[in-house]
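One structure is given below, encoded as structure tokens.
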Amino acid sequence: MIDSLLAYITLAMILFSIGFLGVVSRKNIFVIYMSIELMLNAINLIFVSLGRYYESMQPQVIAMIIIAIAAAEAAVFLSLIVVLYRRKKSLNSDIFTILSQKDSHE
Amino acid sequence: MSNFLLAWIVLIPFISSFIIGVMYLYSIKVARVPNFVFSLFGLSAPLLSFLLGFSFFLQMIGNDEIFLYKAYRWLEIDGYDIDMGFMADKLSIFMVLFITFVGWLIHIYASGYMKDDKGYGKFFFYFNFFLASMLLLVLGHGPIIMFMGWEGVGFSSYLLISYYYEDGENVKAGNKAFIANRVGDFGFIVAMVTMFYYAGSNGFDFLNLKESLLSVPVPVLTFIGFSLFVGAIGKSAQIPLFVWLPDAMAGPTPVSALIHAATMVTAGVYMVARFHFLYDLIPHVGLFIAYVGAISALFAAIIATKQTDIKKILAYSTMSQLGYMFIAVGLGGYSVGIFHVFTHAFFKALLFMGAGAVIVALHHEQNIFKMGGMKKKTPLVYFTMLIATLAISGIPPFAGFFSKDEILLTAFSSGEYLLWIIGVFTAILTAYYMFRLLFVVFYGKNYKEDKKLHFLPKSMTTPLVILAIGSILAGFIGIPELLGGENLIGSWLGNWKNSSLHVTHSTEIILMVINIFAALLGIFIAYKKFYMYDMKEVPIFTGIVWNKFYIDEIYDTLIVHKIKQLSIFISYKIDVHFIDKIVMGLSRGFIRSGHYIAKMQNANTRFYAFTMLIGISVISTYLIMVLR
Amino acid sequence: MIDIIFIVLSIIAISGAMGMILFSQTIYSALSLIVTILALAGVFALLSAPFLFMVQIIIYAGAIITLLLFIIMFLNIKDDNLPSEPNKMTTIFIGAALLLPFNILVLKAFYTLPSKPMHILGKDFGSINDFGMELFRSWLVPFELISMLLLAALIGAVVYARKEKAND
Amino acid sequence: MDFGILSVIIFLPMFVAFSLLLLPVSSKITRNIAFMTAIVILLLAGMVYYNFELTGYMQFREHHSWISSYGINYSLGIDGLSLIILMLIATLIPCAYLWLWDGRTKGYWVSMLLIQTGITGTLFSQDLILFYFFWEAMLLPVFMIIGMFGTGNRVFSTIKITVYTIMGSLFMLICILYLGVAFFYEFGSWSFALNDLIQITTLSRAEQIWLFAGFMLAFAIKIPLFPFHTWLLETYSNSPTGGVFLLSSIMAKLGVYGIVRFVMPLFPELYKEFAPYFVWIGIFGLLYFGIAALMQINIKKMFAYSSASHLGFIVTGIFSLNAYGMTGAAYLIIAHAMATGGLFLLIGKLEYDLGIKSILALGGIAKKAPLFTVFFAIMLLCIVGLPGTNGFVSEFLIILGTFGFSQSAGIVSALTVLVAASFMFWLFQRAILQDNGNDVSQMKDLNLREVLGMLPLIFLIIGMGVYPDWFFYKIEPTIQHYLIDILEIRT
């Protein structure tokens, strides 16, 4: 009974929620990144469990593509963090607000 | 029949004015066109029209034929046609004859008067246009066509009055004339529209209206008649829309002669006569018209007694004489009114041209108290002016006597004795102020300067002579039966309601004598006061009469000023501070709230995520509730 | 048996995730994430996805998160470089409350699906063979696009991380 | 006419504009090509006019599917009213180009061409979404031309006109969508074609009134009716000549056209029911704006008020519910477009030569530039409604129609003969004729090109005034169709 679909979905949703909470609550840019990764994993889990449920290979392929995209994301994201940290000596995600062009609107 | 020639009576001056206008523009832009070319076109157009009119006149003798020419369908709406048509009956052809004839003489005079003016071509362009509009007014076969001429006359008078446009005052006078005329036009248009709805079903021309107006209820007819008369008031300068007439003297003198003698101001009288079938049905409005005329006549005569500007005196005298005409047409004596229009055309044109000659001779001096002794210097002008003055004062056998006598006879025989008394009193005043002018200008000794007089060309003096002959003879076409004559004009214009037949011959003689006596009384007073007038200085006048009863000022304060204030109130108060505030306030509200919303766009991604979270939460809650 | 494994893995995964968002030290968070990911790899294995199990361990845990750890260490983060997060717990609780409807909604949606046993399928399902056939038959174009994406990410990363000029 | 002549008329200017934008050509060549385009369109419009049949129904129909899943079609057609407005546009624009000949940049010409596309598209659309599309597309180049080439506080003016017009047209969009949905519920398929939407029967009275109000708001702002007029002053006084020319002479008229084309068939009952209000609003606007114009110092603001005054009169005409008033209104649309367009071109020249907009700083122009004065006078007479110009014919017919609608309204509306005359002639005196001692030596008289540009207008003004029947017979059946078939009024 416990191995029915709902259990896997519940797990995935819990992980997803935790990831979301991490994005919302933490300022540490690394943790935000990791939370996003966690959310991606939760989604992967849903895909895979649905694949198992419908006995289809397609979701697994999608999950695999997501992992590949996560890898690409990791590369870009981490290099960005490196640049940012070099300049501002901070991991606070709020300093990214300097990227907005708010001044030109005033 | 050669009815299409009717259209050419109107078209010839139009075409000639167009040609002159184009040539004038050519002359100022490219190469100078000599003056005689302008005068060639300008003078031939009225003459040709006159000849055409005369040919129609000849065809009309002895029968009651009405010539009708429909040129084209002007417009067609809803299956209803309005034509561009021309109609000549005895009334209109009579008008055409003296309009073109007197107009022609004034044209000749103007060719001498305007000789040195730079805008010679322009002047004839306006002049021919004026004449053409007047002819259109007279020959139109229905109210709409008449109205076109009506407005055209108003506009060309504007052009001519503001002829010397560099001076703002002249243009202002032109504006005044145009706006006052437009007030009249408002009445005309209202009358026309009402007529169209109540009586236009069979066709909107005079012949059909004559029939269909019979079935219209009297209150509506009263309204129509009253509104039409508002139009006549504006055009013919009666109380209360006369203010433009004295100011209209801003134009060159031939313009005054044309406006006052042959065209424009007589249009109102003509219109009432043209709509005689309407006014016959509503005698109470006719009486009102007669009273307005009488009061205007008296009022203008009183003002004229105190004026110093030679042209303004004549202007007020025109207004006064128009008042006489309205007494006649108001009381149903249409032929009498038109008779006076006819005689008046001659002597008033003559008076203005004579005055113009004096003005030119004295190098554009218009104050009569700076003139004097002109009798010796310009004897020809003196004699012609004397004839005209005698005519306007009503001394037999000059033209004015017969027509004025008939008007007063009409008033008396209709039982309107008050009108008659006003008429007679005005006749005394008329004789007085006209002879005051004559004595001061031609006998007075005020003009001391020995400046050489300006030369008067032949073209200016010849028309004077012709008009003087006209002023003597014009009255003879309407000699009353009493004096053994035949009232040619009365019989020519048809068997209109004419109440003069109801008095006995003895009464008629008494009235005639009273009139002559009144004129002589006026002359006598003027002689006493002004013969051999000699005053060292130009007198300075004050008082309510000299200030024309402050009518201009009253209009300025009560109407013009108030409208200006209202205009400022609307455009600078309501629009800016009220309507604009509301609308732009709305937009400012949007902009302000936009600022607040923009504050949320603070580039803080966590904040965005949290907002998103709230959104997800709300939507999910909603969906849970909906999807059971 | 599977149930027990699943429960254990779930507990590990959830506690790892909790740890990740709760630790204030970055390095601990990263280590917690590895735990979660490994636990998830186990769950993938339970779902008859052996290939993904391997990919998860090798690429995710082995490459991506290791890269992350490497960067964290490379940057040599000190405590005062870390942002202060005083409202962390409050936000987490509020957020959790707000997320509850969403979770309920999703679970409600899946609840409508008919229940079905989820035991491990035979060898054929989820093998590399199957996976490869699927990938290169129906997903060839996305696959190629992914390679382009990876290339672009690679170039982007190099451009970003390049040593900056002094005057920048 | 199988090649879709209406589409060619619509999209030729746009095509030319984009080609010119992409090609590296100078502003002079741009201008020449723009002028050629306008001439070609004039010829095409003449072809349409020649082949137009004397019925009141839509002709030259073109129908293509555009967004078929929502029943949005590219559907064009013209009737008598559109025809005369088309002829108006086609005649006015080349004339205006001749006047704008010198000193305009490439962007200016491209904007003008794009505006032409928007205008003609609006005119031909038979599908409400398509209409809305062109209606908005027409505004964008107007904003550009005011914002880029205007004078004074031009950005503020642009914002103001944007706020006003977008607000109005958004309400219209909502109403259009509402109608589409109502059609879907009633007939089970999507359509936004005018002919389909008029068949809707399910709308309650309250819904109808709201929709009517929404449409009327959009058009009232564009016209503008009292009290939505304050954008007009800023915009007219700050727009460049070309912009103000198109705004006053054509776009304002499209507001009136929209009422006749869409509001009347969609809500015939309400149209009849609310007609008295609009007749009086029109008359009120006529007097209100006319009086306001009297004391304006800025010559362009004065003409802005004057325009508004006449447009109020046009609205009175179209709501008079009889053939006289409606024909008169259609005629006044043309007459006023020509006169006011000509006047704005003339004033534009005045401004270009002297750099003056204040009446007080003018004067003595007549002596310096007689031809200018003559043309100015003729335009002015048309505005004033002197017989012999088409202004008179239209004003007379509208007064006639209004009188037929309500006697008191007719009498009040006859005041128009006074209102326009008083401020126009006063302006003429102060700004053109009398010598105020101001320095106007920079003023040049018209050259041959400008005379050529103005002559067609003069010819039409006088020709249409002297022989109106010539121009009437094309539009008469359409008006009858409106009255008998749509409004179901026996005349």
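Each chain gets a letter, A, B, C and D, in the order it is written, and its residues are counted from 1.
As a convention for this text, a residue touches a chain if its C-beta (ideal position, glycine included) is under 8 Å from a C-beta of that chain, and two chains touch if they have at least 3 such contacts.
What you see is a predicted model, and the numbers here were worked out from it, not measured in a lab.
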Chain B and chain D share contacts with none
Chains joined by the largest number of C-beta pairs are A-C
Most central chain, Cα average position: D
Calculate how many whole Å lie between the centre of chain A and the centre of chain D, each centre taken as the average of the chain's C-alpha atoms. 58
List the centre-to-centre spacing of chain C and chain D in whole Å, with centres computed as mean CA coordinates. 64
Just curious, how far off is chain B from chain A if you go by their C-alpha centres, in Å? 92
How many angstrom between the C-alpha centroids of chain C and chain A? 7
Touching two or more other chains - residue numbers and ranges from chain A: 20, 24-27, 93-94
If you look at chain C, which of its residues touch at least two other chains? 91, 95, 99, 102
Pairwise chain contacts, counting only pairs that touch as defined: A-B, A-C, B-C, B-D
Give the list of chain A residues in touch with chain C in this complex. 1-11, 13-15, 17-22, 24-28, 30-31, 33-35, 37-38, 41, 44-45, 48-49, 51-53, 55, 57-58, 60-61, 63-65, 67-76, 78-83, 85-86, 89-94
Can you tell me which positions in chain C touch chain A when the two form their complex? 2-3, 6-7, 10, 13-14, 17-18, 20-21, 24, 26, 29-30, 33, 36-37, 40, 43-44, 46-49, 51-52, 55-56, 59-60, 63-65, 67-68, 71-72, 74-75, 77, 81-85, 87-89, 91-92, 95-96, 99, 102-103, 106-107, 110-111, 113, 115-119, 121, 125-126, 130-131, 133-135, 138-139, 142-143, 146, 149-150, 152-154, 156-158, 160-161, 164
Hey, which residues of chain B end up touching chain D in the complex? 25, 28-29, 72-78, 84, 144, 147-149, 151-152, 155, 158, 162, 165-168, 171-172, 174-175, 178-179, 182-183, 185-186, 189-190, 193-194, 196-197, 563-564, 566-568, 570-572, 575-576, 579-580, 583-584, 586-587, 590
Going by the contact rule set out above, which residues of chain A touch chain B in the complex? 20, 23-27, 32, 93-94, 96-100, 102, 105
Sites on chain B touched by chain C in the complex: 610, 613-614, 616-617, 620-621, 623-624, 627
